[in-house]
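In this document, chain identifiers A, B, C and D correspond to the written order of the chains, with residue numbering beginning at 1 in each.
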Amino acid sequence: MRNTFGNVFTITTFGESHGKGLGVIIDGCPAGIAVDEAFIRQELQRRKPGQSKITTQRKEEDGFEILSGVFEGKSTGTPIAIVIYNTDQKSKDYSHIADKFRPSHADFTYHEKYGVRDYRGGGRSSARETAARVAAGAVAKLMLQEFGVSINAYVSQAGHERLDKTYQELDFSQTESNIVRCPDAEAAERMIELIDETRKNRDTIGGVVSCVAQGVPAGLGEPVFDRLHAALGHAMLSINAVKGFEYGSGFEGVSMKGSEHNDAFYKEGEKIKTRTNHSGGIQGGISNGEAIYFRVAFKPVATIMQDQESIDTKGEPAVVSGKGRHDPCVVPRAVPIVEAMCALVLADYLLLNRSSKL
Amino acid sequence: MRNTFGNVFTITTFGESHGKGLGVIIDGCPAGIAVDEAFIRQELQRRKPGQSKITTQRKEEDGFEILSGVFEGKSTGTPIAIVIYNTDQKSKDYSHIADKFRPSHADFTYHEKYGVRDYRGGGRSSARETAARVAAGAVAKLMLQEFGVSINAYVSQAGHERLDKTYQELDFSQTESNIVRCPDAEAAERMIELIDETRKNRDTIGGVVSCVAQGVPAGLGEPVFDRLHAALGHAMLSINAVKGFEYGSGFEGVSMKGSEHNDAFYKEGEKIKTRTNHSGGIQGGISNGEAIYFRVAFKPVATIMQDQESIDTKGEPAVVSGKGRHDPCVVPRAVPIVEAMCALVLADYLLLNRSSKL
Amino acid sequence: MRNTFGNVFTITTFGESHGKGLGVIIDGCPAGIAVDEAFIRQELQRRKPGQSKITTQRKEEDGFEILSGVFEGKSTGTPIAIVIYNTDQKSKDYSHIADKFRPSHADFTYHEKYGVRDYRGGGRSSARETAARVAAGAVAKLMLQEFGVSINAYVSQAGHERLDKTYQELDFSQTESNIVRCPDAEAAERMIELIDETRKNRDTIGGVVSCVAQGVPAGLGEPVFDRLHAALGHAMLSINAVKGFEYGSGFEGVSMKGSEHNDAFYKEGEKIKTRTNHSGGIQGGISNGEAIYFRVAFKPVATIMQDQESIDTKGEPAVVSGKGRHDPCVVPRAVPIVEAMCALVLADYLLLNRSSKL
Amino acid sequence: MRNTFGNVFTITTFGESHGKGLGVIIDGCPAGIAVDEAFIRQELQRRKPGQSKITTQRKEEDGFEILSGVFEGKSTGTPIAIVIYNTDQKSKDYSHIADKFRPSHADFTYHEKYGVRDYRGGGRSSARETAARVAAGAVAKLMLQEFGVSINAYVSQAGHERLDKTYQELDFSQTESNIVRCPDAEAAERMIELIDETRKNRDTIGGVVSCVAQGVPAGLGEPVFDRLHAALGHAMLSINAVKGFEYGSGFEGVSMKGSEHNDAFYKEGEKIKTRTNHSGGIQGGISNGEAIYFRVAFKPVATIMQDQESIDTKGEPAVVSGKGRHDPCVVPRAVPIVEAMCALVLADYLLLNRSSKL
């Protein structure tokens, strides 16, 4: 099941960048969820290209259609199929790379794996596939709302420009107030400037998206292989251009001492809490009721507006020239994708956990 | 399938720290592989406690028995069951924590999830479960050998002490020459000293294990959700105490420019190669034939020889005192576990890839 | 994965009878298969309603669109999405059953399971869902052709009218020569007469579809739970209205003696064959190279043009009256569905078997 | 996952007839179930050889050991591993067939599939594997008891001798009162006589096991591919020697008219029931609260005490002579196996259904 993600609340995506359309089947969504199409549309808007000067100027309409699984506004428990038709395809844009392997793209590896490949816009390896995930993630968010779970992602680093605040210090209502999707105005300013400068230099940079899930009940996560953070990591690493994942104290926790790192339990009213949260809300792979937080590293976009050394499909040296309309930095548009994948994991694990006890 | 990992070459582990035994079913191992029991034993030796002054002094025998799936020394294509019986159980050691939640352990979350729990030595959440993975990983390594794939993990950081060399600069034949499993003698010395000092302070530290897989053919990896690095990340994040995973340029790649980060293709003889390897041997989620490398962050061991604030199962304040025999730093013994999980992913994806073309 | 079938060559179907459309995602189809749209269309024609006087007069267009996974006429190894839009929906036809449970339909059980249900034409439980399977099965057939496998299903019983010939005595080129899809003209005549008479009596009858797969290589099938015939049985029992499955000697074999039933091996040229084929081409769950054959029992169609006792969604007594356009006997149109499901299983197991040996 | 069955409540079996042992991992059993070892032992006794004159005289001890997943008598939600060690192996009994293919056994097909095979006693294809299923099924039964579900299988046909009563006419407390496990004394007598006569003739016969599940709540079953009866059929067809499966009206229902076959709904007190039960308790693939019943056809045992024509592994003609201790008819011992597989499906679907609604 290579194009499927999840155990109970599952999604299967399909489609290429420049084919007729792409989409997703959500299988395992419980019956009785109000499927708000306006909310799905809004989530897709957050991901779509052409939003601002720091994202690609390419236009994609991302109009979607729900073909099944919803009756009189509610999920029926049967598969929800959502299709997004491709309109702005401009296949000719890609003829110049039909027989060349773009550096650090999937052209060469698809060629090796399959023998044939749809080279138009990267085909299946295009980040356009994530639109299907965002649509499905919106449905997962609608389900999670019923359980009081909220998810907030934001840009915490663009290139070398970092946001130096913990999640506790941030006001997530500010995330959408700037084009880089950083909830801190000052840091946002620095990031936007860097991205814009990079764009002018016909180059690209990477970034980090942080994400916080609140209201997650204790008990989600499966011991051993399907620990909650392993599923989150898998989900994040499946997003185009992601190179790393860490949760809680992450790579920095390595240098801490156990006596500093351990999160002491205490009771506040009826609720059991921890004084610190280096665990990132997950202990032994299972949620403990504290906020879950993690960071996702994105590499610089591989498509640059410069000539690059490469080879062609015959193995001869070739020059790949930068053309088309691409993002100088992918993280502002990655924010809703990270949220979507997080929502999909949590919805899935919430259902999975229903069979843990008699 | 909560205790199963893999798609075609799969493992299912079972067992608790202080039950009768633990083990693994390998299902999907092709017929015809020479199953070398001495090699499995050797791999288990690398993981087992009591190896040196910087690991726990606890003795575990880790004797194993293959119950099925091997006939006249060769795999038959049927499930290979390996059982490791528990001998040094000392259940009384744990009576003092039967009704207390140890900080940053899985005690509280298991209690929330299941209502009941085997508190002896952490039960199922004990890192002893990884012995089963190492045994299975040994079989995966034996299969990979037939395809010319080699895997080398090593400690690249313990606490704040780092090894500042790239994988290309190292001689992996030196990894086993010191007790911390770092292939650089000087760095190893620094790490050992820090771990030993930490142990004397009755505290613990974290570390990083790096891993390199060489000889992996191009074409392994499934697009979209089951990218090769997403499977590797999932595998690594499923190991006890892991907090982060990065491959190729990882988190540091974030600050690079696309023009620096892209790996130019060129041809050397008949082979297509890349001039740099920031991609970490994986592009678009599929191996490109270059070395695959990644880093895995481990938190400081949660069990410390100090008194800690906590609560008991009734929600009352309680003090958890450090007892027993535990590792001051987990990474030296984590090296074979990281290799095992890496081998399991690669064996699985090698088989999975057999159906990509007609 | 409730709406997914298969292990490697998998299909996920979606859609309701009277929603916007239905369809299928084929995931795991190898790259390089020529996807012949005319052939898919032809297979859908064999399933569609309104073909003759003995099938429902309801018109469904079953026009389909391939949205992804095919590039320049060939499969690319990525998901093939096929959508069939609903056109002749006539939802008002069903308002009379919106709040009643039709006897021996899925109305009551969906209501119990999900709380909500799309009552129009049976919603997801409608046999219209099988159009998606037939489209996917056509792709599986195209793949199997490359390996020399052919599949032929036919009607061997309608009501009490039986075809009393073994598969070896039949000429499958005659199956499509009559409207009941029985390759024997005389038996076909008897069946057609009975079905037409039943239709005039506003009643329905059941039937049996037999199926033969030839050219299947030895070695397909997984021991224990996923025996080849268990997968075939699962596939057939998943078709609407199916009540039974038997392969080889089936229920009749029960009364035979072992000495009669055993299939002796012998060698013909280089090929190992069996003198009889009571095994139905499968031994120990694995194909042995002989023809695979099986029989599938279909119950009489539940929708009859008569008044029936029932209850409504409030639990009050109600009368369900027969309306609409329905089949008096489902088997003629079930023939391509049985072939499709058989093709899907064989394509899947052919790929699955690629990992059985080193 | 070739040796795994189930979706949520899953089992993975391992082991060969003459290896060190065989067993099962139950993964997904909810925490909190009292695991009664005496009950598991009793179920294994019902399956074991050597029970009476009409079963094989081979002795197998079937002593078992629970290695994990149970703590202080209760399931903990972690994998339950059960091992049954082989003791009476007598491998030399099988040396005469090491290089011959027994007719209608799995010898030839395993050879084709894997290249190597453990020929001792059929290796993995031996019906001894079902002991693991019976042990796991006992745990599933213990879980189902908590929900008021009971399962009763019995022999309804041995060779041509049939029991001509419906399940409603039988007293299941009589099933264990005779050695053939038929709850009707008169029919049992006829069956026993036939089996004993067949045994004396050094031949074998087949039989039918019927099974009834009562107390199953409405709503179990997944639409489309994983209909409840498709899962039951898959489960039954995965048992050694099974050739057919039918539920409710089955193959006989084919000749009925829709007006006879439909099950009218009515209300009795607060409960919605059906006047007849041709549906076999399942409508649209989902349980409706009525009794679920089905029939399973077993072929005559392939091992007969007579010389048979065959070939050897080199393709040369060979004679296979009957040796060893085998059953003249498999159905008496198949009764607990059918019950076990039925219990496993129902336990699984009960948990699966927990995610159907919000």
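As a working rule, a contact is a pair of C-beta atoms (placed from the backbone, for glycine too) under 8 Å apart; a residue touches a chain by one contact, two chains touch by 3 or more.
Keep in mind that what you see is a predicted model, and the values were worked out from it rather than measured.
> Go through the assembly and pull out the chains touching subunit A as well as subunit B.
Both subunit A and subunit B are touched by C, D, going by the contact rule given at the top.
> With chain centres set to the mean of the C-alpha atoms, which chain is at the far end from subunit A?
The chain farthest from subunit A, judged by C-alpha centres, is D.
> Would you kindly tell me how far, in whole Å, the mean C-alpha position of subunit D lies from that of subunit C?
It comes to 26 Å between the two C-alpha centres.
> Counting in whole Å, what is the centre-to-centre distance of subunit A and subunit C, each centre being its mean C-alpha position?
Computed value for the inter-centroid distance: 39 Å.
> Between subunit A and subunit D, what is the gap in Å from one C-alpha centre to the other?
46
> Residues touching two or more other chains, restricted to subunit B: which are they?
1-4, 13, 28, 31-32, 77-78, 113-115, 124, 223, 356-357
> Give every residue of subunit C touching subunit B within the complex, in rising order.
Listed in rising order, the residues of subunit C that touch subunit B are 8-9, 28, 30-33, 77-78, 143, 146, 223, 351, 354-358.
> Within the complex, which stretch of subunit B touches subunit A?
1-5, 7, 13, 101, 103-110, 112-115, 124-125, 129, 157, 159-160, 198, 203-208, 218-219, 221-227, 229-231, 233-234, 237-238, 243-251, 253-267, 270, 272, 274-275, 278-280, 282-289, 297-304, 306, 308-311, 315-317, 352-353, 356-357
> Under the definition above, what is the set of subunit C residues touching subunit A in their complex?
My answer: residues 1-4, 10, 12-16, 19-23, 25, 27-28, 31-32, 65-69, 71-72, 74, 76-81, 83, 113-118, 123-124.
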